[in-house]
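Below, each structure is written out as structure tokens.
Presented sequentially are two complexes of subunit A, the first with subunit B as partner and the second with subunit C.
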Partner chain A sequence: MSALADGLVQLRRYPSAVAGIAIIAALLAVAAWAVIAIPYGSALELWRGGAQWQQHPVNARPAWVNWFRASSLPATQRVASDPATVEVEEYPGARRLVIPIELDYDHREFPSELNVFVDAAYLELEPFLRMTWHTPDGRAIPLGGRRVSRDERISISQDLALERRLGALPHVALFADPAVEGRPRALPGRYRLEIEAVVFEPESTLGATLVSYGRVHGLAGTDHQRRDLLVALLWGTPVALAFGLIAAVGTTLTTLFIAAAGVWFGGWLDAFIQRITEVNMILPVLPILVMVGTLYSTSIWLMLGVVVAFGIFSASIKMYRAMLLPIREAPYIEAARAYGVGNTRMILRYMIPRILPVLIPGFVTLIPSFVFLEASLAVLGLGDPELPTWGKVMNDAQSESALYHGYYYWVVGPAVLLMLTGLGFAMLGFALDRIFNPRLRMI
Partner chain B sequence: MNVQASVTQAGAREVVLSAEDLHTWFELKRWGMLRIGHVRAVDGVDFALERGETVAFVGESGCGKSSLARTLLGLHKPTRGRVIFEGQDLGALDAAGWRAHRARVGYVQQDPYGALAPFMDVRRILAEPLIVNGVNDAAERDRRIRAALEEVRLLPVEEFLGKFPHMLSGGQQQRVVIARALILAPTLVIADEPVSMLDASVRVEILRLLRDLQRARNLTLAFITHDLSTVRYFAERIFVMYAGRIIEQASVDALLDTPLHPYTRALLAAIPDPDPDNATHYKEIPGGEPPSLLSPPPGCRFHPRCPVAIAGRCEREDPPETTLADGHRVACWLHVGGEGA
Partner chain C sequence: MSEGAALPSGRSGRLRDLRRIVLFTLLRLGGLLLTVTIGVYLTILIANMGGQVDELRIVQIRSTIADAVRANPAFAAMPLDERQALVEGQVQQEIVRLRLDQPFIQRSFDYLWQAMRLDLGRAEQMHSDSGSREVSAIIVERLPATLLLFGTANFLVFFTSIFVALYLSRRYGSLLDRIVIALAPSSAAPGWFYGIFLILIFAFIYPWLPPGGMVQAPPPEDRLTYALSVLQHMVLPVGAMFLSSIFISIYSWRTFFLIHASEDYVEMARAKGLPSSQIELRYVLRPTLPPIVTSFALMLIGLWGGAIILEQVFNWPGLGSLAFRAIGFRDTPVIIASVVIFAYLLAITVFLLDVIYALLDPRVKLGGGGR
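The block that comes next holds the complex of A and B.
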């Protein structure tokens, strides 16, 4: 395979090929890192489970938007109670705990939500608690009292009674600077949430965590279900590359072998392959994929199978056949027959290697086209129901009217990754085309 | 062993290959199924080749020489007739028998560059026939590859093993082709115009190499050419083919000194002769072209071009093959019954 090795060495001379290889290498690195850092099981849980989501804000922007803003948006802050600062007073049959939680807030923008997670330990009698909000300028705002069970989320933002009493959304009213007229601004400084709890059992304890949800989250932001989009963008990379590569390899190799077998044996086999190809060429693949997805399953591996199955008898069979027909009559093939080469060896070792170098550029540019196909299917709502993929993210963004609400990052993330994939493989493919098909260099 | 000596021993030698009434026809089809006729590429050929003998098949393009070669190699199935190689009828061979037969016959083609797979290096090209024919020991293969390269004098061997065909000159390529034909130790080598695509300077070298190898290994060498001038120094016997048939066969000296068939005479007359007097002479060469093999003319196939055709006979009846002294055989009405010679 000297032609192949020579060609690959020549790649160094094309800056676009080097850039394309760099992009592909970066994507592969991201894919490898994603698979190692977030194993498949935990990726599915992060994308489909619920526990972690509670800690994420809804529809938060990526953290990098703060670089372009005059007043920075807050990130999520979590403050847990410190048992050392708890004051305890003993009463007959009960204890009174005073738990202070201090939050240093230094933004002029409001958080997106305010919750308290209570972790209580008791046997039968539920503790009772009452909360007071102390602002940096010395005001004390009572937040009401209630009984709590073991793992309870007290959603201050969704307390309608409190909202009515304060005359605004609680997480706005509690942080608002009273000195500002017109559009409200947050008052930076140290806030204190004081939880006054009464527990009725000698072994009972009570801890709490104050979460001030941010307006920015991570590198990619979150979606309407509090999911971290970074998980989908990271895990979408190996899924997309695997889909593209497997589909491209599957279709190219089988197509090549079938075309070569048809050319070599000729006769009715060749005619049969040609007729199947002609029928297959006029079948509309996308509607069939939509039909399979709607009626049967949208599993990405089923889709991959259908894509490969329809890709086998594609127009490339005609192209490969045209390239192989003169090779079949080549003197070296005749010589090989004279020294007794059998049919299989002839096809695999004598015919296919002859046209392989010419096919490599086409193969490389075929990979992103399958990646795009997978994304298109997902955008059409036929994405895999389990796996996080780029197309699924765009599908969610579209169905939640992301652009109407100004959540551009929701679309930009997966779109940029898709374009980078296309760009990387295209730059490499075009350079390979120039190397293996030298006549193109004149143009 | 010189040529003269081998000719005198000819009678005692064993027959390696014989063809009896051999026909190779190609079907012509229209729309994939309607048979509209046959191309009669080889149309009734009889001959016998003896061990250690060099013979030449000569004739112009399209006379069926190459089809005959391919039929002998088993690349075409004979439509009628038999080929017997080392006592075995090729028509009766099974798959294993064919494999064994192919190992016993070497093939040297016309276009050395086309005859070598461009994506294989010399080592691979020479290893392939061995692998295909069951030499599974890599060390044994390597030994035989080196021996073959030494035999065709591609030296130093080490330098050529890793080279690809495009890195070799035409002569070197043809040496690799010859090495490949010999690596399975055949008894018969069929060389189809082995030098016609080479530079004149390299031709003699390749012909000498072939002759040396033929002598060293006591090969039967069937040499197919359209060039009578090279044959003279090379072959012991000559078969002259015309329109799918052998029309005259004889030892080189007999055929060149006393050509009997009018076509052979014409062929010999067409050999360029570096004589300045030629400028003032006009050679008598029959006009016209070889006949269509789809519908050859009735009677003698040469009669439309023959300057001495016998009206009323040559265009009606096929001339029978007449054997004259010293195994000189000719198919021509002029020589039936020994008259006319």
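The block that comes next holds the complex of A and C.
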């Protein structure tokens, strides 16, 4: 085993190995952080989507795209009404509340959507409200009136009547600078939404939140279901690493053990192992995985099991066998046999350790291939039904025609992470290969 | 070769050689056939979940027929129980047509027997573009597309990498050599992955090339324009496969040639003052021909494995996307047929490999039977 330690020390002389180790360490740190920051249960819960994301924009780009743009894209702004600024007028049988919400908007680009979330408390009689939009240059645009129930989302952007009246999408028309000819630009400044509410019960109260949805969001942007892609990118890391590592360990170790047992016992066992390997080499693994995914379940752990099961009797059994055959005749094995070493001990302690160093590079380069296999399955639509993974993000992007719509970030984010994983392990593996492979050491 | 020296020369020796080769070939063929049979049977079992798919399919058949009858205005006036009987009768007919009334084990051996005879039968759900239900028609329609795409890409990668590797092994340690070594890890990503980037860059950011498909729609009438259109659609997928495997391929061939170029007999040839082109051809390439042929054959086999996803990403109408759709439709005959074709192709390749080996490597030819 000291050869192993020596080899690892030699790694420092290879810049690509150092870079690879740095990338792997960074990925491991991200994976650990993801698991700690977002526990498994809440990651699944977040990725299921739904109402918890309703104040996030749809298909927002990542915030860093602003670095490359002349005019910055707005982020989401949320302004809640302040009870202290509410004016109250009492009437017989009703109260009139005037709720001002002020939004400081300093972009020349338009928001992607405009909604008001109303939180009304009442027993039976629903409050009535009327909204007016005041622009920084002093225009007042009435937004219409309506009854509201307890938790209601008033979608200004989807108000077709308003759109017809304003002649443009509401969130564009409301922010447009009237002085600009041609392509409309937003007018920066302080906007005011005035909500006049009439409540009919003495205990009734009413609060509101104005959400101006941005065109950028966070580090990774959002998808078509308003989910923050950062959740999937973060959680994809431990999933990918675990899948790659478990699959690589599972296949390499069992394959090695089986090959060693075949070589040691020889005879019919060896022949049997060889025949199984030949049958297994004929089976097309990816189509079978697709079959299993379509017919049984797409759970990532089932896929992992199938991958390992098919990987056990892979072509590498032949390679290990070729390496082990001369070892079987080595004098030290002869000596060990002479002083009565048992079969299991012979295989585990005398034969396998001897070829282990040569296998390490292959093992390291095997990991990314399994990571990419998982991504391939996910891109085919056979990703895990619950867990967020990189491949599933790419699959969503593909099925929503992200490239066609220009949402490049949606594909680039997971792709860059996949590429980093692949590169990190491959660079380390190649360097290890040059250290541990005696035929390569000379050149 | 002590065995070679001991062989008697002349007619009887050659005859014995021939007999040994024939025996070896027959054994090898038998073994391969058995392997294919087992592999195909395993696929049949998996594709049917050991028979459990049958129940799923009966439910599916029943609901489809019930929907069809309900939607048909001709049956609207029919009393309920009469309509029920009609549905039941049609379900039974469909079950008999798909042979779901027979036990699965019996059917599985039937499938196996038909598959092994390459009698691929009729598809249950799918049909070829010309409307035929024959599985062989469906496959024959798709096979050229896959062969064209993957054949082109793999030939390009194979020959480019061998030539570049030879060149680099001559200039070992040069800047270009180091660049290739540094780029080799980029092959950790599969072709479809580069495909997505190529589509992004060359089809959307700079719309020079089509993002997918095999020929523009509607297909051009003129043969030349058609070929040009196919060629244009091939650029991105071939480029993706080329990118993903060229560097690793050059790297491993270069290493391989370097190892062989340091053999004693090559040193000897160099010491004799032979020109380097002759050293490369006769002292490096000739003895390494068997492994090169092996890797070429293995590459041809590997063709099929990656096809599913690359064809899916590029929307290429080949065998891979056919298999994917067949699995989605649970169309067992088509699934089995695509695996059978693959298994046979593989077995033929392995067999040809043995023969070519025997031709190229004199040690194998003489010692073939006695391994």
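Structural remarks
Just so it is clear, the second predicted complex is superposed on the first by the 439 of 443 C-alpha atoms of A that agree within 3 Å, B and C clash if a C-alpha of one lies under 4 Å from a C-alpha of the other, contacts with A are read in each partner's own complex, and residues count from 1 in each chain.
Quick note on the criterion: a residue touches a chain if its C-beta (ideal position, glycine included) is under 8 Å from a C-beta of that chain, and two chains touch if they have at least 3 such contacts.
Just so you know, these numbers come straight off a predicted model, no measurement behind them.
Annotation: superposed three-chain arrangement on subunit A; subunit B versus subunit C shows no clash, the two fitting side by side.
When the two complexes are overlaid on their common chain A, residue A:394 makes contact with subunit C while staying clear of subunit B.
In the superposition on chain A, A:292 contacts subunit C only, with no contact to subunit B.
Once the two complexes are laid over each other on the shared chain, residue contacts for A:342 go to subunit B alone; subunit C is not touched.
By the document's definition of touching, of the two partners only subunit C reaches A:372; subunit B does not. Of the two partner chains, subunit C is the only one that A:278 touches; subunit B does not reach it. Shared-chain residue A:406: touches subunit C; no touch with subunit B. In the superposition on chain A, no contact is made by A:67 with either subunit B or subunit C. Of the two partners subunit B and subunit C, more residues of subunit A are touched by C. With both structures placed on the common chain, the touch criterion links A:330 to subunit B but leaves subunit C unconnected.
For the combined arrangement built by superposing the two complexes, subunit A sits at the apex of an angle of 60 degrees to subunit B and subunit C, based on C-alpha centres and given in steps of 10.
Here the smallest spacing between CA atoms of subunit B and those of subunit C, following superposition, is 7 Å. Common to the subunit B and subunit C interfaces on subunit A is no residue. For subunit A in complex with subunit B, the residues that touch the partner chain are 1-3, 271, 330-332, 334-342, 345, 349-350, 353-354.
Partner subunit A is touched in their complex by these residues of subunit C: 31, 35-36, 38-39, 42-43, 46-47, 49, 53, 172, 181-182, 184-190, 192-193, 196-197, 199-200, 203-205, 211, 255, 258-259, 262, 304-306, 308-309, 312-313, 323-324, 327-328, 330, 335, 338-339, 342-343, 346-347. Residues 32, 70, 73-75, 98-99, 102-103, 105, 107, 109-111, 114-119, 121, 128-129, 132-133, 164, 177, 180, 184 of subunit B touch subunit A in their complex.
For subunit A in complex with subunit C, the touching residues are 16, 20, 275, 278-288, 290-292, 294-296, 365, 368-369, 372, 375-376, 379-380, 394, 398, 403-404, 406, 408, 411-412, 415, 418-419, 422-423, 425-427, 429-430, 439-440, 442-443.
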